[in-house]
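Which chain is which? They are A, B, C and D, in the order written, and residues in each are numbered from 1.
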Amino acid sequence: MNNILDIVGIENYIFLSVLLFCIGVFGVLYRRNAIIVFMSIEIMLNAVNLLFVAFSTYHQDAEGQVFVFFSMAVAAAEVAVGLAILVSIFRNLGSIDIANLKNLKG
Amino acid sequence: MQTLIAISALGVFCLLAEIFNLRKALVPVTIVGLLAILGITLNLWSIDSSIDEQYKSMIVFDKFSAGFSSLFIILTIFLIALSHDVYKDHQTKISDFITIKVFLLAGAVAMVSFSNLSMFFIGIEILSIALYILAASKRLDLKSNEAGMKYFLMGSFASGIILFGICLIYGATGYFDVAEIYALSQGAGLPIWFPIGITLMIIGMLFKIAAVPFHFWAPDVYEGSPAITTALMSTLAKVVAMATLYKLLSGLTVGLTYNFEIIIVIVSIASMTVGNIMALRQKNVKRMLAFSGISHAGFMLMALLSLTNAASTLLYYTSAYALAGMASFAVIIYVTKNKDNEDIINFNGLGKTNPLLAAVLTASLLSMAGIPIFSGFFAKFMLFTQTIKAEYLVVVIAGVINSIISVGYYFKLILAMYTKEATEEKQATPFVYYAVGVISIVLNIIIGLYPSLVTNLIN
Amino acid sequence: MDVTTILILLLVGAIATYFSGDKLASKVALFFSVATLGVSLYLLNEFSKGETINYLGEWMEYPKVYLALQADGLSMLMVLLTTALTPIIIFSSLGNTYSNAKSFYALVLFMSFAMTGTFLAVDGLLYYIFWELALIPIYFIALIWGNGDADKRKKAVVKFFIYTLAGSLFMLVAFAYLYQKTNNFLLGDFFNLRLSATEQFWIFAAFFLAYAIKIPLIPFHTWQAKVYQKAPTVGTMLLSGIMLKMGLYSVIRWQIQIAPQAAKTLMPYLIGLSIAGVIYGSIIALRQKDLKKLLAYSSLAHVGLIAAGCYTLTLDGLNGAVYQMIAHGFVIVGLFFVAEIIHRRYETREISAMGGIRSQSPKFTSLFMILVLASVALPGTYNFVGEFTVLYSLSQVNIWFAVFGGTTIILGAYYMLKMFQNVMLGETNTKVFASITTNEIITLVIIIAFLLFFGLYPKPITDLVNPAIKDILIHINR
Amino acid sequence: MENSLVLLLLLTPFVGFLFNVFFGKKISRNVSGTIGTIAVVVSFAMSIFFFMQLNQTGKVIQVKLFDWITVSNFKLDFGILLDQLSLLWLLFVTGIGSLIHLYSISYMHDDENLHKFFAYLNLFIFFMITLVIGSNLLVMFIGWEGVGLCSYLLIGFWHKNQDYNDAAKKAFIMNRIGDLGFLIGIFIIASLFTTLDFVELKEIVLGGTNSGNALLSVATLCLFIGATGKSAQLPLYTWLPDAMAGPTPVSALIHAATMVTAGIFMITRMNFLFDLTPYIQEIIAVVGALTALVAASIGLLQNDIKKVLAYSTVSQLGLMFLALGLGAYNVAVFHVITHAFFKACLFLGSGSVIHALHGEQDMRKMGGLRKVMPITFATMLISTLAISGIFPFAGFWSKDEILLVAFQNHHIAFAKVLWVVASIASIMTAFYMFRLMYLTFFREFRGTEEQKHHLHESPSLITFPLIVLAALATIGGAINLPGSNWLNHFLEPILVTKYEHHALGTQEYMLMAVALAGAIIGIGWAYSKYIKQAFVPKEDSAITGFSKTIYNKYYVDEFYTFLIVKPLNGLSNFFRTTLEPALGKVVYGFGTVANGLSNQGRKLQTGSIGLYLFAFVIGVCAIIIYLFLAQNIA
């Protein structure tokens, strides 16, 4: 069977995932609710994952897709830790607004 | 490779120890285990830089990785030794902390011995996640939480960037295997996103070593985290990141392009200057050392300007820096143990109440400031010579000026210890602080007097 | 036996002193310093017999550093200056009691260890290490045992430390640069480099920064007066008696030899600057209210003249400079000790609070008088020999240098005699001046005897130094 | 043998010094004085011995003790040279020295630091001998500075009085100014001839053709500056009058007879050089004449008996320098010797007067001492006649010779002018000297009753030296009577330009007559004023007009203070209070700037994650963009 990329073209995948990535970045930059920030980060990571898959098809080898599994696992672990921290913050602070975290400065 | 396996095994053992109620014995056992592993690692010099067949294209355990791994192990030993006293109040969790540290070490070793980008990614994530946890490990302390959160957010952001970088490289070359990529990178005709990928990865690492302008997290996180975690970050984590960055660049590319060297030069100078200048007016010691760490990162970046032969110098600098840092943190942890903050005032009159620790701290600060016979001096000197050879005199001049500035704040601490009157009388000091402080500073001086001990490990 | 013995002895002495406890510390330190003096005299004898007392050993492979210790006439003389002054200084300090004496005397010995090393090392990095090491003990001595308001002192001392360190770091860069070319730090190999004019200029400048701050030459002298004033007298003696000479010695040993071309081109300006320092120091000394500060400025003037001698790059200039170093080393130590003697009795260094001491303590007065006369280079004292030679060399370069440099003869007499008059003469002081102790007399007499003897018979020193300087000139005029 | 004798000559005073320093306090007062005196007498004996020897053999004695200073192109040994000149000086230095020591035993008897006094005197003699017998310029310089030191010590001998100390300091520093000149001169000579040894120098100079060498003129000028310092010539003379703060024997020995003549000695030593530099000689002559005039004019109105003598010393020295400038070294030497006799006598006499009046020095409070102190009066009268140049006293011959050479000189265009100036000076001399005599010894006593009650002639220890000196002042002229000219012959080996002996013609007699007349006029003037009109000088406050200016020494001291001392101190203050802190601030400046930046920088570290991430992203973008641009440009 012939490669989907012959039809669509790898560039588009790249542009798409770059776009996604940037959306993630901006989300991280401009949202103050920790949960949403997490999600934005997830978007970034998934944008990359998407690209991985695209590339792996492009190169016709599986490594890329394997890597995606790695990264997903890692991301999950990360988020788990992140949420844990968030919980304790919520206990102490009663809010999950990252803008309130300004005790350490100077 | 044995090292990595052994470390992971040790980590697992620690977890089991929790189950079997071996908490008391945990610390000593772990230390012994690590010493054994150190032995194994050092033993590897008989087999010189050979890729381990069994894990083809995943792990390469050559002199570079062996050298740095041993440094990491030593540092971890110190940290674990300290944790015995630090965590004696919550014995229940001690095994967790130790386990995390051990796994963190595993991640670190993985980072300096990867031969495949996936390995590198996993390593760095193990390290980071462990650090997030440790940073936030004081659950009830808001500062600690904040530190953890900040570190987590920015860290995972950086991970995203790194991942993107890896992805682009993979896209450009079709390989995760370092050797393959290197081979390809020599030939022309790689798509534009290959250099972008490299750049993004480097930026990610620059974040990890807290180089300007990616340094903002460092002071806050250092200040907020528990002292022992700060110690870990400023010694182990920084060194790991630096080593990895070097390995990445030397592994993936045929030397840096001129433009990229310019960037390194700028970042290096900026880091030195910003770090030192900012440190001048800090009251909190941990924060001060965070900034000093930033400036040291700037120094270490010099090594990247002569990629081909700076490995030994880098190892030397990092060990000098890390040992001095470890010594100073041993003292800092002791002094600030029962304090609510780590301000310099707490060090007043230490010269009288506890001359030995004061001497240790003084020595370590002098080493960081780069005063002779302490290894810090030779480290700086080697960097300078190498950078002059690479014809980046301007960086050297900046470095010199910065070392002058740095004396300013290092000596604030010394002055406090020797000229101010003590606020409280001497309290009992657990032996371990003396042990860690003295041993590490002695090691520092020894490699100062015989740099070849370290420099000969690599090259 | 070679020169390492001296270093080892001093180092061991420092350690032994530290562990001997506060009671014994001063005695032990004194013992070791005297022993060192003995050893160095023995070595001098060996040296003059033509025995080789140098030491050359490997130290580091990378960077390539040798333990290269070499004693030619010049180094030998400077080492003797150090090992002779150290016991005198320690002995003079017996009259005081220091808290935590063991650390104090240990630091003193350690400092003299470092300075001796500086005078002996002919390997750039080794030399630099000693150079820096000498800084640390004096920093702590001045910081912890100094006098006056703690914060002011701290400010002065830290400034001193950072300032001198700043200077020397540039010297380090120069060494790093040279290391690129030779792949080791041996002075001998540095000579053989054919450095371009620009290289020489920059290297010379880097060295100059280090030395101008250490010596100090104007306008780099601002640390001096305050530190001299704040430091305990022992520290001041070490600083003014020996440490300044490190800078001047280094000018001869390193700076003008490694970059002779630059030295030659810059000569007029360097001499001009030094002489400006002479005049500046003398004038500013006229109106000092604090005895130690006055002496500080007087020594600023003197070292200015010495530096001028060094930069003439002539045989006489260098010889004279060396003579002056020795003479000044002794006389300034003596004078600071005099200040200390008065301080022990009057608890002040304010000149205005003194006066009318002569009628109470004629012995002390006479000794003080002789020191004053020595410092104004009266013929018959060794200072005259030095000053004459230096001024002569200046006159050979350009008569006007000699004229302006010579103003020190007039101004020196002016401020020293004025000081002497206000401190010692006049109506008998109401405060009782306890008669001077035997120890104090011995200390002063030793110094004076030295100055007078060599003032009349300088030949031994001349014969010791001359060959060394001749060799150096060969390197300069290569 | 000879060497040891030379050393004996040199070192006995030094031994005396050491002895008095270390044991003076323990032994009785008279003993220390006696020892001090003996020490000098021994040297005197030695001098005589060598003098005799030289007279018989005519062989100059040279002794090289040891190497001293070595510089690149020549060596300086510590050598001794006993030739006609040095022996001549030795004779009267040690001779008068011994007399004055003798005198001091009694004069200083009540002083607590008697032993110190003698120690210093001995030390002075030692250095003076060194100065005189040194075989090269630098050894001479040792003595040169040494005597300066002793003069410093002795002027400030009563150290509790800060004014005296000031005077001492002034003397030393003024001398130092000269010494710098001297040193520079030495340097130039050394670089020209690569030796400082007198004998060698003379050979080289006479051998080579250095005349007209500009540097040489500079050298001699510098030497002369040195001389002006030591011998109190314009413009450096002001220290000498102040030096009268010292005990009177000191004034007699150091500031009249011996030390102040060192300048003349040195120039005479170097006559072969000065002969080559006529311009400098002219300068010397002019300076000498002017000094003579100025000092004499100041002397006219002084009321302090010692001040009068001091100024007269300055003016006499001026005359000697005039002679030197005219190339008549032997005449200068002649006057040095006679002057030593009568001036020493005068000082000692005044000392005896002061002694009798318990320290009163103001002539306005004296008078009528003739009857109570006959010996003092007689001796002083003789000396006064001598200094005023009355026939046949010593001063007449020497001074007349000076005027003669001034009148007959053909090298200097304006020699006649100089002659006139000198003559006026000597008329003034006659005037103020007799003014002194009249005010002190004639008419009735003007002091307090209490003083009058204690008036007495001084003990024999004081009067004996007076008598001896007076005798010498009378007959001293014999050594160089126009007929015999023994001194001139004696000095011939030293001097290059032979002094032409002109037979005593009418001109000479005329000049003598004129000089004598001048002296008599002066005396008459004084007589009419102070005896006939019985005039007594007014109180200081009452003095007005030009005489006030003169009385205040033309305000030269004030002028110097204003011109040099004040600016110097001002500068010093400026440096201390303004420049130093400024320089300090510059250094601190770096630190301040850094700290300031630090404070600003800390504001950036707001703690807001958003900002941090923003900076992060900016950094990323910046780097990537830079790379792109660089790529495309390249």
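Criterion: a contact is a pair of C-beta atoms (placed from the backbone, for glycine too) under 8 Å apart; a residue touches a chain by one contact, two chains touch by 3 or more.
Worth saying up front: this structure is predicted, and the values here are computed from it rather than measured.
Among the chains present, the centre nearest to the common Cα mean is that of C. If you compare A-B with B-C, the chain pair joined by more contacting C-beta pairs is A-B. Work out the mean CA point of chain A and of chain B, and you get 27 Å between them.
With each centre defined as the average position of its C-alpha atoms, the distance from chain B to chain C rounds to 43 Å.
Mean C-alpha positions place chain A and chain D at a centre distance of 99 Å.
Centre to centre, using the average C-alpha position, chain A and chain C are separated by 67 Å. Residue positions of chain A touching 2 or more other chains, listed in rising order: 25, 28, 98, 101, 103-106. Of all residues in chain D, those that touch two or more other chains are 591, 602, 605, 607, 609, 613. Annotation for chain C: residues touching 2 or more other chains are 162.
All chain pairs in contact, by the document's touch criterion: A-B, A-D, B-C, B-D, C-D. Those residues of chain B lying in contact with chain A across their complex are 118, 121-122, 125, 128-129, 132-133, 136, 139-140, 142-143, 145-150, 152-153, 156-157, 159-160, 163-164, 166-168, 170-171, 174-176, 193, 219-221, 223-224, 282, 287. Those residues of chain B lying in contact with chain D across their complex are 149-150, 153-154, 157-158, 161, 195-196, 199-200, 203, 207, 213-214, 216-217, 219-220, 259-260, 262-263, 274, 277-281, 405, 408. Of all the residues in chain A, the ones that touch chain D in their complex are 25, 28-30, 32, 98-99, 101-106. Chain A makes touch with chain B in their complex at residues 10, 14, 21, 24-25, 28, 34, 37, 41, 44-45, 47-48, 51-52, 54-56, 58-59, 61, 63-64, 66-67, 70-71, 74, 77-78, 81-82, 84-86, 88-89, 92-93, 98, 101, 103-106.
The part of chain D that touches chain A in the complex is made up of residues 602, 605-610, 613-614, 617.
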